[in-house]
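Alright, structures below, take your time with them.
In what comes next, subunit A is part of two complexes: it sits with subunit B in the first one and with subunit C in the second one.
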Partner chain A sequence: MKDKAAQLTLDEWDIRYRELCRHGLREPDYGGSLRRHVDEGGDRRLLRLRMDNSEAALRLWNLLLSEEDRLHRARAEGKYLVGTMKDLGTVPVMAYALDDTVAFYPDGAWWTPCLMEHTEGLLALADQLGVDDSFCPVRAMLAAFVNGNHFPIPDTVVCSVGATCDDMSAIAQRLDELGFPVFWWEIPHRRVADADEPSVELPGGSRVPVAQVDFVRGELNRVRRHLETGTGQSLDDARLAAGIRRANQVRRLLGQLRRFAYLGDPSPMPALEMMIAEILSIHFCSDWAETVAVVEDLLAEVRRRLIANEGSRPAGAARVYWINPPADLRLMNLLEEAGGRLCGTDYMIAHALDPIPEDMPPLEALARMALADPMVGSSAERADRIAREAARFDAEAVIVSRISGASHCATEGLAIGRIVERRLGIPVLDLEVPPVLDAMEPTIRTRLEALVETVRSGRRA
Partner chain B sequence: MIFVGIDVGSRTLKVVLWDDARQRLVASAVADQGVDQDALASQLVDRLLLENGLAREAICSIVATGYGRKLIGMADRAITEITCQRWGVRQRVPEARTIVDIGGQDSKLIRLAADGRVVDFAMNDRCAAGTGRFLEVVAARLGTRIDALGRLAAESRQPARISSMCVVFAETEIVGLLASGISPADIVAGVQASIAMRVAGMGGRSVEGPVVFTGGVALVPGMTGALESALNQPIAVAPEPQITAALGAAMLAASDKE
Partner chain C sequence: MKTVAYCHPLVPSEWIEAHGLRARWTVPRHSGAGAICGMCPYAQAVVDTLAGAGEETIAVLTTACDQMRHGAGLLAEGLGDRVFLLNVPSTWQSPASRAYYTEELQRLGRWLVGWGGRRPAAGQLAQVMADHDRARNAFRHGQIPDEPPSWCNPVAVRLAAEAKRADRGGVALGIVGGPLMEHDLAIVEWINAAGGRIVLDATCGGYRTLPERFDPSAIERDALAELIRAYFDHVPTIHQRPGSRLHDWLANAIREHRAEGLLCLRYVWCDLWHAEVARLKETAGVTILDMDLGDEDRGGEGRVVARLEAMIESLRKQPR
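Our next item is the complex of A and B:
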């Protein structure tokens, strides 16, 4: 049943869901009303969000909010669980190449304090464990490991270290100390090759010395052996290549979705759903096949809306390029309520949206992809890519959404903002948002509305 | 043809009557905030109309601004204070390229293009340490009034260093400074410098002049000098700096430009 694009409150979704059921809605096994995630899962934040009214969005939300159930089922079925940390999108490709193996990001728990509006006590427990609010909200993961109330404890934890976020390294070390052994692999800071040094191009366009790729390939080979030992399976090149092809299927679908959604006017899919969809590229929400199905549904809905010239908000909204994922999902609604819309993003996973090369040995390809991670390079390189993308998507403004306590965000946001402002000459708004922004909502609204007013004023000039 | 601007700030509510045909500010009023902001705004508007021999029917349009802009039932539109400041300041100081606005609850730095458009803006993030609230806390701690702080700061010989990024911690720091014999004058001067440095930090290294200072804190003696030191350039205080956003709102009420 196709209705015109709209954003619904949870109460409105209850009615919509009943209507959909009456009209023969077909759902996967994790389907159901969104209300149950509040009633049974305690995801109270849904009561404050406005969600897209499409069946595709319903499936997306249900996939996202049922991940813990899926992980517990996988554990009950005896599957091998790999907790992946910090590397964004590399180790899961390797893990999903194996049978009966599920990879997930325990740091995804950083959204739990938002979704459950602090009723779960994760941040308070992290405080008690010595990781206070001077750290990124990803510290919620540490508490989730300790209280065991969210995801099952994985069979192994694989964490990249080196040129990664300091908070994540500190938290992973604390986990190690608490008796959750971590398998470490190292990623170096991406650097420019010296004049006499051979270099290669990475997905996304950066060039690095061959020696760095060789080093990371060696590290990933260690990860490969670790996973082989853990699962008792061989992770040969053929299997890895198949895993890469699967990952690329998701990445290509997301690439199309982003192009259609960010270039269409009116915006055919709201910011919130687009953000959740994009982040599927790194973790597949613990189910690769369902991720493909969910993104295909979203893409079909976006295409339908583009043909029908439909969006949940009017055409002509201020086109905003967004940097970093917000700790509070509500922020994406606020952007649209203020008269803005997304026209591009860099949620620190830009590299995971680029296809992994398929014309070279798989570990080489994965090493290049891992080195393309924005967080292992300089802020200037990240800003360069952002400026190029923002120009390609006709951005009229940029929002840098800093994450309270996150060490890289504290300084990187300002640097990126300055570079983007200088290159594109468009306003850059710097926002810092805690996991539940309600107390700051009036001031955040003011900033977002002022940004939209500034864009509109610029259009008239 | 009267247009009304209402600026619902955190500490005070400001109302301006603007005669667009004559390009003239007819009247303005500032009142301390109350619980019912809508009623307070209505009372102020009625008072100004009465004092100037005008009837409600003379009002063509009303724009509300400030953090409580959406609470004003009589307003035809709500526009943010960033946009309104731009219009109000350009009316008063047309050559302005940067506006520093420090109110009771927040501080802003607004960059303007040569044609007066807002190019960019920054606001204080998490804490009241760069706002008028800091001065209120200091005044209360020193047992004086906020309007006496400027005179006190003028007596300072060696402004104290206030290192805290947070008003609550800064208050503790002030207690410690007093206990160690630092004079209230030096503490006040230190607090003013601290506020100015935080505001300057929002502008990065490129604050283009002329810089115009608005907001209630612009009325506190000593703050302009502290800002001049922090920004390393002269600062002009806007005429009636508290009402520039309300003035801009009234001008926008007369315009369809935003």
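Our next item is the complex of A and C:
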């Protein structure tokens, strides 16, 4: 049943879901009404969100919100659970190359206080554990490990350190001290090669010294051995290559989805659903096959809407390039309510969207991918890529969504803002929101409206 | 001659001086231009200070903390390649990390040569290492250098001098945390006035982060390898993962110096020290006072003094 694109409240989705069922909706085993995530899962934030009305979006939301159940089921089935932290896209490619192994990011718990509107008490528990609100909301992960009420405790925890935010390094260290042993591996700060130093190109276009790739490849080999020991399986190159091909299937689909969604006007898929879709790339929401199916559905829906010249908001919205994931999902709705739309993003996972090279030994390819992480280089390099992509997608403004307490956010907004303004001459807005932004909503709305108005006046000029 | 400013203990001053340049642990001051929200006041002060340093100063910052890593990026906007960012691994248990640190020091060496330094001649590094080792050893045994040394935070040396001068007995305290700034010296007087004394400086750039003593025969065999052993294998820092080395060192030092309490001086927004306070309370074996410090006024003298007095008073009442 296809209807004109719209964004629905949860009440409206209840009606829509009944209609879809009446028309013979077919769903995967994790399907069902979105309402149940509020009633049974406590995800109260859905009551304040507007969600896309497509069947594809329904499937996307259900995949996302059923992940904890899926992980618990995997545990019950005796699968090996890998809690991978910070690298955002590398270790899961390795883990999913193994049989009966599931990798997930406990870091993802940073959105739990938002989804559950603090009723779960994770941030309060993190306070008690000595990690207060001067840290990034990823501190919710620490509490989720300790109270065990969310994801199952993984069989191993693997965390990348080195050029990572201090919040994650410090919180992972606390985890280790609290009895959740961490396997540490290192990603060094990505640097520019010296004049006489051999270098290679990374996915995304940066160049790094060969020596850095060699080092990271060695570190990933340690991770490989660790996973082999834990699972009792061999993670040989053939298996890794197959894992890379599977990851690339998702990445290519997401690449197409982003191109269509960010270039189409009116925007054929809302910001919120696009953000969730992009984030599937890092660990496939614990189910690679379903991730492929979900993204294919979204792509089909976007294609249909492009042909029908259809979007949930009018054409001509201010084209905004978005940097960093927001702590409150509602912010993506606010952007659109203010007259803006997404036309490109850097949710700190650009390296998880770039295809992984398949024409070289798999660990070499993974090392290059890990080093392409926008967060392991300088803010200037990150800004350079953002400026290139923002220009390609015709961005009219940039929003830097600051994550409160995050060590990189104090200065990166300044650096990125300066470079983007200089290169593109478009306005840059710095926004910081807590996990539940309701108290700040009028102010944020006003700032977003002012940005959109600035863009529109620029068009008239 | 260029001065090479640095502010992390895993930047070996010997390596800089063996290249014929002057090493100096920079003691930062705020420019008064206003705080960047969310930025560690120490990192900001370092950026402010080095941004205003003259052409004769070049700077080595490290990746040991994310704030400083990004600070180096800000600084490079103005200073260009006068800033060198040394990759200091967080992991320390794998030979690969050690090898990476070695490669980074060699890269630093090439950069120093690019700024007018010269490749160390035979025996030159060994000579500087021997000199520094002697001076550090004297400092370890209570001898205060006449001039600010190049091999540690000069404020830590002045703190040792002040602590010695002001010592009138009382409750023995250790201090631990990030690097001290000039105005932090007031803490000696405040502790003293409250009836305490400093017996252990475990701040970054002080006694804790001095490298292990060099083995003369190892220097003779391979000076750079010995330098790396003494620094990379032994200096306990807050950024290392796992973090056990720091806690082990601290527990030993507290016993050795008979500290009765520990004052953790950490900068606001320094996640690395902040998150470790809870663990310190478990491993130190003594009372810990957690003190978050802002910028120049460090959160207000009155607040700091009142908390210190309360800590020392409670320690005095405990059976010794």
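Going forward, the second predicted complex is superposed on the first by the 461 of 461 C-alpha atoms of A that agree within 3 Å, B and C clash if a C-alpha of one lies under 4 Å from a C-alpha of the other, contacts with A are read in each partner's own complex, and residues count from 1 in each chain.
As a working rule, a contact is a pair of C-beta atoms (placed from the backbone, for glycine too) under 8 Å apart; a residue touches a chain by one contact, two chains touch by 3 or more.
Model, not experiment: these values are computed from the prediction.
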* Give one of first, second, both or neither to describe whether A:449 is in contact with subunit B, with subunit C, with both, or with none. => first
* Return first, second, both or neither, reflecting whether A:174 touches subunit B, subunit C, both chains, or no partner chain. => second
* Give one of first, second, both or neither to describe whether A:6 is in contact with subunit B, with subunit C, with both, or with none. => neither
* Between subunit B (first) and subunit C (second), which, if any, makes contact with A:218: first, second, both or neither? -> second
* To do: Pick one for A:194: touches subunit B only (first), subunit C only (second), both, or neither.
  => second
* To do: Determine, under the contact definition given at the top, whether A:292 touches first (subunit B), second (subunit C), both, or neither.
  => neither
* subunit A residues touched - subunit C or subunit B, whichever exceeds -> C
* To do: Please indicate which partner A:184 is in contact with in the superposed arrangement: first for subunit B, second for subunit C, both, or neither.
  => second
* **Intersection of the subunit A residues that touch subunit B with those that touch subunit C** => 404, 414, 418
* For subunit C, which residues are in contact with subunit A within the complex? -> 36-40, 63, 65-67, 69-74, 76-77, 85, 87, 89-91, 94, 96-97, 100, 103, 107, 110, 239, 241-243, 268-272, 274-279, 282
* Asked: Given the complex with subunit A, which residues does subunit B contribute to the contact?
  -> 67, 79-83, 106, 113, 115, 117-123, 125-126, 204, 257-258
* Taking the complex as given, what residues does subunit A use to touch subunit B? -> 404, 414, 418, 421, 427-430, 432, 442-443, 446-447, 449-450, 453-454, 456-458, 460-461
* Asked: Which residues, counting only subunit A, touch subunit C once they are in their complex?
  -> 129-132, 134-135, 159, 161-167, 169-174, 176-177, 182, 184-186, 188-189, 191, 194, 211, 215, 218-219, 222, 378-380, 402, 404-412, 414-415, 418
